[in-house]
């Protein structure tokens, strides 16, 4: 199933940098260093974003503001030391004008000092801890923040009769972000919350879910990095938590579109709040999904892909706005306040925080035909990152 | 007394063993020249220098005292976090951080040496591995201090001696790492040629005879283990300072495994093995990762397998041929 | 003459087996004392108890009147008890010069000097040169020990023990396995050991024993069967039966 | 609480099946095969592929997982492992780490890096309650299979001719050779059996431990703990060690979730300090 596709992608990933690199020498070139985890446990993130970036360039062309965008793809394997070194090499040796990608919070954080020192925009396309944009004035985010996605969940849960929640999150920045933002909001509304954190590399959810099962909460709020969501779901059902009436809620990572279909019926009924679903009902999204699936047969774009797609668009738009001036300060200035209709809905780059303002949707996982989808049934419009908004 | 002629011979012979070979001078001249020759590759050169120091540290125990370890990353990590935390909370002076990282690692080495200095090679491999894994978990669970899985953020280093600022091109960083490597190498070279170093080689060759010659074996091993830990700590401190970031990865198993590979490539027991191995390893990794960014691990693995199956003799033959005639006790395999 | 090394009621058991059974023994100053016994008589165990490789189950070991029962191997070496092994235990990757230097440096307490240059230590060099000359190792001092002929290696084994400047030297079958051609030189070396060193010789070879030993202790089944001058012991009927009966070539 | 104990036992059972082959090969040839997990991964992927591509039922794919891993074991033993026996432990460690790297990257290249998911048959899903203790059908199934295997192995080891020869060879390979026992062939067979069991364990473990290309690295430590703590000369040693590890790991995470994997590593170091030869090893003189 995935074999041929993966092989092909492997070649293409290698070829991308080379071919673009050769073809673009003549015209004046603006280089974008795209650093993604292409191998290792978070490789799916990298592959989604890479596919989306290529899709954008194929659709809109590489020339913007009179300059030709050239993407140099590098694999950091999800290791922060490597990310940082690659970023530094891209800046020093390849003279890139923009750094982009960053699949995980530590990877984005490790690179922040480079962006600051080199005065180069750092476009975060995936990592979702709230504090990232504060690490450097040159960071702009086109993905989402976990508090942004988690706090609406607290509101929804409380107003739908849920009183006691148990949270299970992965023990690193984004997980802690999701847990604290949800718990604070939910407690403020009057609910009670119990929490447990799962180590990042954890082979077995059983002991953690057993605690949940004994606590018998109304709902289980979960955040795990996309990829291990399927395993979590299966054990949730295996432990009989669904039959015991425990609702599964959380930000949308656990029902990632990329792997949702493989989870099987265990995922049905999960309620999540997130900024993107492949079934988002808009013309822009239908066109995006269609083009993405045509270019990558058998792969459904997920929230990572849309982050990469919009990130690349942001770079192009900024370059247009500066008329091809690729200096860092100019580009950042142009990015602030940028706004357009994305496949996920209307988005704006908050001029004050350089973080993204977007709609958050409440979705239920359902079967449409033979496939599983997250169907949006409520919208919270234009949500800012609540952590920074409170400051 | 048998007259001074023999004493003269003895003296000369002992001096000859520690005298600088022209190939050694050439090696360090090249290292210095790399600074001018590859002005765009400071980052990887810096990584090489740090890895070389780390490998030198392993060589001190493996090559000179015969202690195997699959958990040397424990000391790298200890040094890195110590230096990083010192810079973040106390003083940003690089040399203070270096000293602090070395001290904490040496202390850790001293404390864990009783665990490591017993049992067979296999038990040692397991215990060193276990110690590194435990430290990984400790660093992970002390998230309030270490940043946990997010890594230790927000380290900024002061300029070295208050004048040489760490620049984005890595020029200062490389020069700094290279100098530290060189100085620590000189010290190590002096030490392995001292009576202390001689007694270690004795322990490596034959523990029974060493003890029967009056060498307090456990104490010597503890001493060299702590010293080696300090060297690894220095490598860790350099890593933390020049990248201004520390992640849990410094404790990871692959660090120890890579290190073993580095030393095996270069050959243990003559100090240069780690340095040559580090250069070969990094360039190999860089070259492979450039033409196949996703699957370099496969090629490293293949290289390892072939290497152990018979490639080692080839490579070491080449190194020996290059150095013409190294002192006899040199590349003892 | 006074006792240098003594044991009192020394017992060592392994599980149910008693390897050393109530041995009280005394080595006189400057002695050339042989310890003999059939295979499995407990000679090696006894030597290991004397040198600190093993701890006795009960009983004491004393050196010039001081109790050394609880001391480690290296501490006993420092106090003057050195040994050779039945099977060579050498630093095979070193040269004879390096090996002797090592022992000398340890004896002079230089072992923890991390920055001392070996060639800058006149006292150690003089001593090393002296040992090399005494054991006729000058010509081969820069060759790797592993490459030397067996007889030379045996020589180095004794030289290394002697380099610790012991007052008591335990020689465990010094000539075992040495080819005839090299044997004479080796025996001369043993004969030339200075008089103030007390030697305990563990041997099978009656030829060597009668050549050097002025006193013999016979160990059988971990016990002292008898002790006395060679001529007396050789005539002892019990010894003949227990031991000499087997090795008939007296 | 009892439910957790039950989960821990199921986990330990799978660990035992995964690791027992390693303990025998280590005891027999004194060979440190860190690549053991690669055979387990092979078994897991064979199951996944058979189920997803050919639509084979779960039960039918289990023997296939065993056979595939055993076959790979035979071939690799012949081709690449054999020259390694005479080398030092260190070389063996480096060699088998190299194999692990190749397996990890090769699997990633062929099949992608994502977590593999299988659909269990209906009758293995869900759980039932006995006296308030929740028991998962699948975990019960795993305990059943692995328990039977353990008993069969113990019987085979203790009662059959193959077993007695094996024990003799583990005890002292040289003496066994002198007695005319074909140690090399015995070892090849044992290696195949051990690899096959690892493959089976990998297949059974997909649901409990997950399966992705980094599997051999992630679980290498666990296998080694089982072997070093359990000793290499019996079946019961590794079995008890695996149980201890499984229960301690699961219980530890349940009772003190913030300690994570810390508990088992600390346990290993302490046990090795107390009994460097392994907790359940026979005393040797």
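By written order: A, B, C and D. Residues from 1 in each chain.
Heads up, the rule we're going with is that a contact is a pair of C-beta atoms (placed from the backbone, for glycine too) under 8 Å apart; a residue touches a chain by one contact, two chains touch by 3 or more.
In this text, all values refer to a predicted model and were calculated from it rather than measured experimentally.
The minimum number of touch steps separating chain A from chain C is 2. Closest chain to the protein centre (all Cα atoms averaged), using per-chain Cα means: B. Chain pair with the larger contact count among B-C and A-B is B-C, by C-beta pairs in contact. The distance from the centre of chain A to the centre of chain B, with each centre set as the mean of the Cα atoms, comes to 39 Å. If you average the Cα atoms of chain C and of chain D, the two centres end up 51 Å apart. Computed centre separation for the pair chain B/chain D is 34 angstrom, with centres defined by C-alpha atoms. The residues of chain D that reach two or more other chains are 105, 108-109, 258, 260-261, listed in rising order.
In chain A, the residues touching two or more other chains are 10, 39, 43, 171, 199. Viewed as a network of touching protein chains, the structure does not reduce to a path, ring, star or complete graph.
The full set of touching chain pairs reads A-B, A-D, B-C, B-D. Considering their complex, residues 40-44, 47, 140, 143, 148-151, 153, 156, 168-170, 239, 243-245, 247, 249-250, 289, 291-295, 297 of chain B touch chain A. Within the complex formed with chain C, the residues of chain B that make contact are 1-2, 6-7, 9-15, 17-18, 190-191, 193-199, 201-202, 205-206, 208-217, 220, 223, 328-329, 332. Against chain D, in their complex, chain B makes its touches with residues 68, 70, 115, 118-123, 125-127, 129-131, 133-134, 137-138, 140-141, 253-254, 257, 260-261, 264, 294-305, 307-309. Every residue of chain C that touches chain B in the complex is listed here, in rising order: 51, 72-74, 77-78, 82-83, 85, 89-95, 97-99, 101-103, 105-107, 110-119, 121, 124-126, 128-130, 132-134, 138, 141-142, 144, 160-161, 163-164. Only residues 32, 80, 83-84, 87-91, 93-95, 97-106, 108-109, 217, 221, 224-225, 228, 258-262, 265-266, 268-269, 272-273, 276 of chain D touch chain B when the two sit together in their complex.
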